[in-house]
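There are two complexes below, and they share chain A, which is joined by chain B in the first and by chain C in the second.
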Partner chain A sequence: MYRQKYIFLLPGLLVLVAIILFPLLFTIRVSFSSWDVYNPGLNWIGGENYARLWEDARYWEALTRLSVLTVGTVLLQYTLGFALALLVWRDIAARRFFRVLFLVPMMTTPVVMSVIWRTIFHESLGPLNPILDAIGIGAQPWLSQAGHAFAAVMIVEVWQWTPFMFLLLLAGLLSLPNEPFLAARIDGAGPIRTFLSVTFPMMGAISVGAILIRLIEASKLMETVYVLTSGGPGTSTETTSYYIYIRGMRDFQIGYSASLSLTYLIVMSVALTLIAKALIRLMVKDRT
Partner chain B sequence: MLELSNLTLAEGPVAHLDDVTVSFRKGRLTTLLGRTGAGKTTLMRAIAGLAEPDRGRIALDGKDWSRLASWQRPVAMVTQQFINYPHLSVLDNVAFPLVRRKVPQDKAREAARDMLGRVGLGTMIDRRPSQLSGGQQQRVAIARALVKKAPVVLLDEPFVNLDYKLREGLREELVDLLKAERETIVIYASTDPREALQMGDDVILMAEGRAIQSGEPQNVYARPGTTRAAEVVSDPPINLIEMEVSGGQLRLDRLADLPARALGRDLPAGRYTLGLRAHSIRQGGDLSARVSLTEVSGSETVTHLQAAGQALVMLERTVTNHALGTTITLSLDLGEALVFDAQGRLIEKEPVHG
Partner chain C sequence: MRTFYLALKYLAVLLWSAFVIFPFLWMISTSFKTANSVTAGAKWLPWLQFEPSLAGWQSLFGGVGGINILKPYANSAIVTLSGSAIALVLGTLAAYGLSRFTFKAGPLGNGDITFFFISQRIMPPIVLAIPFFLMLRFLGLLDTLPGLILIYVAMLMPIAVWVMVDFFNSVPRGLDEMAWMDGCTPVTTFLRVILPNALPGLVVASMFCLIFGWNDFFFAFTMTFTEVQLLPVSLVALNSSVTPWWSLSAAAIVSVAPLAVLAFVVERFLSRGGLAGAVR
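Up next, the complex of A and B:
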């Protein structure tokens, strides 16, 4: 009788094995094989793929680029999202309208949104350059120069995901108790001191949560790059996921791309764990 | 001196403050006494800048506060709720107002530690407010208010959410703490007449958003200017009995006919309201009344009665459990009775000069 209860765990366990454990173990096995377009199958080649990966400068560049892009966009999203949430937190005119308006980018499909932005950034036909021209900044080579293309990817990422940050932080702000703010007013704290000493520290835990969720999501960046720049010009906007896609799906080097994926998973897991610990130490603590 | 002139604050048709003109003196504890909804909290919020009056002026030593934001006003406030910073330690909670004023961190903490010692929380400085009991949390709030040395301290029923015994103890501690602040204006809101009369150097009675009477507590208690003031300042409730004087007779509506001299003074013929405090009604006499409620509190008994359709309240300094629905006999001691005219204004027994 006692053991029968484990039968009820079986369906869930099967699903877990089928969708997580099996693909992971299979990928590990594939990463030790030479599976490519000429030699399909699980031919054991030991650690050859990992040795090759170690020497693959393009992979490490993509990983570095992704790190900069991830940290940069998430910081911008956090700052802008917090500012917008603070703006609509208190009573301002048409607050409900703004709350909905800010969420529109998040509800748009990433690929559709990237296509729209590619049109906006188009150097001769897009609407952005004429506007920049009109205000004296001048037309920019948005998608044909490395720095500009990188900035374009960042702009699109920030535009699309700031609303997510806004939503989480607004929910956090709305859940804060009123009393500490009343106390701060009576204790003579002006708006800036109140933000620094009361609002921000009390938002520490939810900020860490929101930043981590976005870091995890942003570290998988793929669609925007695929549609907007295809990793170019050259490899200047190529992210790790996009590089793995090229190696695996375009060049059909399945064994090698499996080793790239696993390495990427390990690097990201370690990095995000360290970042999470640092953020908790930094943001979830006493402040006066 | 803190002066409030013609302070008015309305929300739609409801007047929270109605032309309030009062002043508060330095080195004195002034009690705002009134029932719930009388406007005490609104008045304090207006002083602190947390509520904006529609008109009127608030000035400290002649300096107008109208243009000062709440955080610019030299005010400390303790509210009914235990308001602290949940993310800060007890020590940092109390140090916060000083840190805000750019007092160096170590000096702010030293002053906070000293103040926490005075309110009996010297051993709990590293805890968070949520780890303290209600009484301790309110002590933290009081310490935070006092550490600022603000010239105006507002205490809005600070002990109302605490149990009776704790309330008594904290009230005494607070009075001791405030004695040292000779230049401070302390304003204490209360719904409890006994508390107001015991604590305050001055008392201001409030009702329906108006300040209806002010003065020294014993004077206000002994000579409430109107029937409304008598109601506010009396606990247990004062008995207000309609009466008529005519032809040497004193007719208490529905209760009794007495000779006019029973009141110890001559009143011209006309209608009046007799104010009879609960302790002036005694058991035993000619008047029959039915018991509708008995409240035993400590060593006192408050009995609510019905006598010929007139509600009466009797206070006895003993514990007497009158059974509900029984009929008892009463006598009225008119020696300390108050007499109000037809408009509800007090008629002084003897002229008061000065």
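Up next, the complex of A and C:
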């Protein structure tokens, strides 16, 4: 009826299609070529790149590591974020101050803070080890041992992104209606009982939303790793994005890294879709 | 029992506050140090534990072992602001269209088009890095500001559409219909009636655009070499084997400060409960 409706949609849609969809289709074509620094160009080598990545242990290890890191940090962020949101939800002095304070890490540039965290984790000059020493845990080889470096990456991710969970969950808590809580109080339910059978069920939909957004963002993880550990020691903290970056932008194996990144995209989309379905079934009672 | 519970609550809040503040305090303290006070081990208090110096802050404007931060700062501001502005205009228009009219392209309807916009956030940057790189090289925009702006528009538009579709869906349609009866066309309806009422949504959308634009490192890093340097890239470049911790900290403070202030704006919207709808 209105021709004018296209004035709204088309500019944005066309820009996005031009900037993202065409390059992506081009990548699919590139992944079937042996484009590298010596032979730049689109030849056809069939599925050779895909056969190579099937055998590429370092790629699959990075993918497994990324999955553990993503699920681990997001679960931590969700638990901590929910706890913090409940803490400053009501009945606490200076709650607006604490709310702002808890949000601040999310506003900071991840790489910039990672650079600072790197000085904090410094084994002899950083401030963390003296503190651990003082409380009896003892100094730790933060960035030079595999397990510790992994933990360091997780700590930084939790510091940076728990605020995001906190933001969404607190927004959810603040928009809850008051009546169910009154009813629970009249029935004489204690705080734990109220949380389990009133608060948590009502927060189901928003929890799933927040967890999914964070899973998507966390599965792209690369910058923190790049600055904090450069994937090391060895390849012990290398994530998928970082490995593809090394192959593509550093070794300039364009064809091969195209096949790596497409496989990564497919694996991730499938995994996230399955997780989304499972979470919705598990946590959202009424689908409104 | 009740006081015990309350004490536990405050203890937890204070512990997390300490964790949050820790890196900031460390970076402020470090920014006033010199090589000597850094290599003497971890110290926190100026005058008492180490002799403060302004060397780190002076190095922000050139000098030995420092960076000139003004140019990257301006670059970051230009790219973030223009990228966000263009993404907001295109995203808001598209969001209004998707929320008010029906579109059909073969089997695909409004829901699919909205999903196409939003799903771009799922794409890991590394997947797009190589095609972007080749595309910008083809256009001759590699290592230039317009090239980066183009990429930031693509990166930020999905966020704008996501927030605004949801927002427009919550604006009653009666508003549009009244304007139509008064003889407005869809375009004039949008400009005169809807846009003035869309301010809360626009604030949230632009906030997210600014955060993700200003904090991006990956594209700023892979799409530029020497000509154009954005703030995060120039900071990470300092992070070499012999890092001048004091310059690094001073630079980190100035680069993080503008958005930290934004946290106050976010909180204000939070207490009005305007953010919850966007997630569901």
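By our rule, the second predicted complex is superposed on the first by the 272 of 288 C-alpha atoms of A that agree within 3 Å, B and C clash if a C-alpha of one lies under 4 Å from a C-alpha of the other, contacts with A are read in each partner's own complex, and residues count from 1 in each chain.
As a working rule, a contact is a pair of C-beta atoms (placed from the backbone, for glycine too) under 8 Å apart; a residue touches a chain by one contact, two chains touch by 3 or more.
Just so it is clear, the structure is predicted and the values come from calculations on it, not from any experiment.
After superposition on chain A, the partners chain B and chain C are accommodated together without colliding.
In the superposed model, A:218 lies in contact with neither chain B nor chain C. Measured by the number of chain A residues touched, the leading partner among chain B and chain C is C. Once the two complexes are laid over each other on the shared chain, residue contacts for A:246 go to neither chain B nor chain C.
The superposition of the two structures on chain A yields an angle of 80 degrees at the Cα centre of chain A, opening toward chain B and chain C, reported in steps of 10. When the two structures are aligned on the shared chain, A:187 is found in touch with chain B, with no touch to chain C. In the superposition on chain A, contact of A:198 is made with chain B only, not with chain C. Using the contact criterion defined above for the overlaid structures, shared-chain residue A:85 touches neither chain B nor chain C, since it reaches no partner. By the touch criterion defined above, A:177 reaches chain B but does not reach chain C.
The minimum CA-CA separation between chain B and chain C in the overlaid arrangement is 10 Å, rounded to the whole angstrom. Within the complex formed with chain A, the chain B residues making contact are 48-50, 69-73, 75-77, 79, 81, 83-89, 92, 95-97, 99-101, 105, 141, 144-145, 148.
Residues of chain A that touch chain B in their complex: 177, 179-180, 182-190, 193-194, 197-198, 201-202, 204, 286-288. Residue ranges of chain C in contact with chain A, taken from their complex: 9-10, 12-13, 16-17, 19-24, 26-27, 30, 38-39, 41-42, 44, 90-91, 93-94, 96-98, 100-101, 103, 113, 116-117, 120-135, 150-151, 153-154, 157-158, 161, 185-187, 190, 211, 214-215, 217-218, 222, 231-232, 235-236, 238-239, 243, 245, 248-249, 252, 255-256, 259-260, 262-264, 266-267, 270-271, 273-277, 279-280.
Only residues 2, 4-9, 11-13, 15-16, 19-20, 23-24, 26-27, 30, 80, 83-84, 87-88, 92, 96, 98-113, 115-120, 124-127, 129-130, 159, 167-168, 170-172, 174-175, 205-206, 209-210, 213, 216, 219-220, 222-223, 227, 240-241, 244-245, 248-249, 254, 257-258, 261-262, 264-265, 268-269, 272 of chain A touch chain C when the two sit together in their complex.
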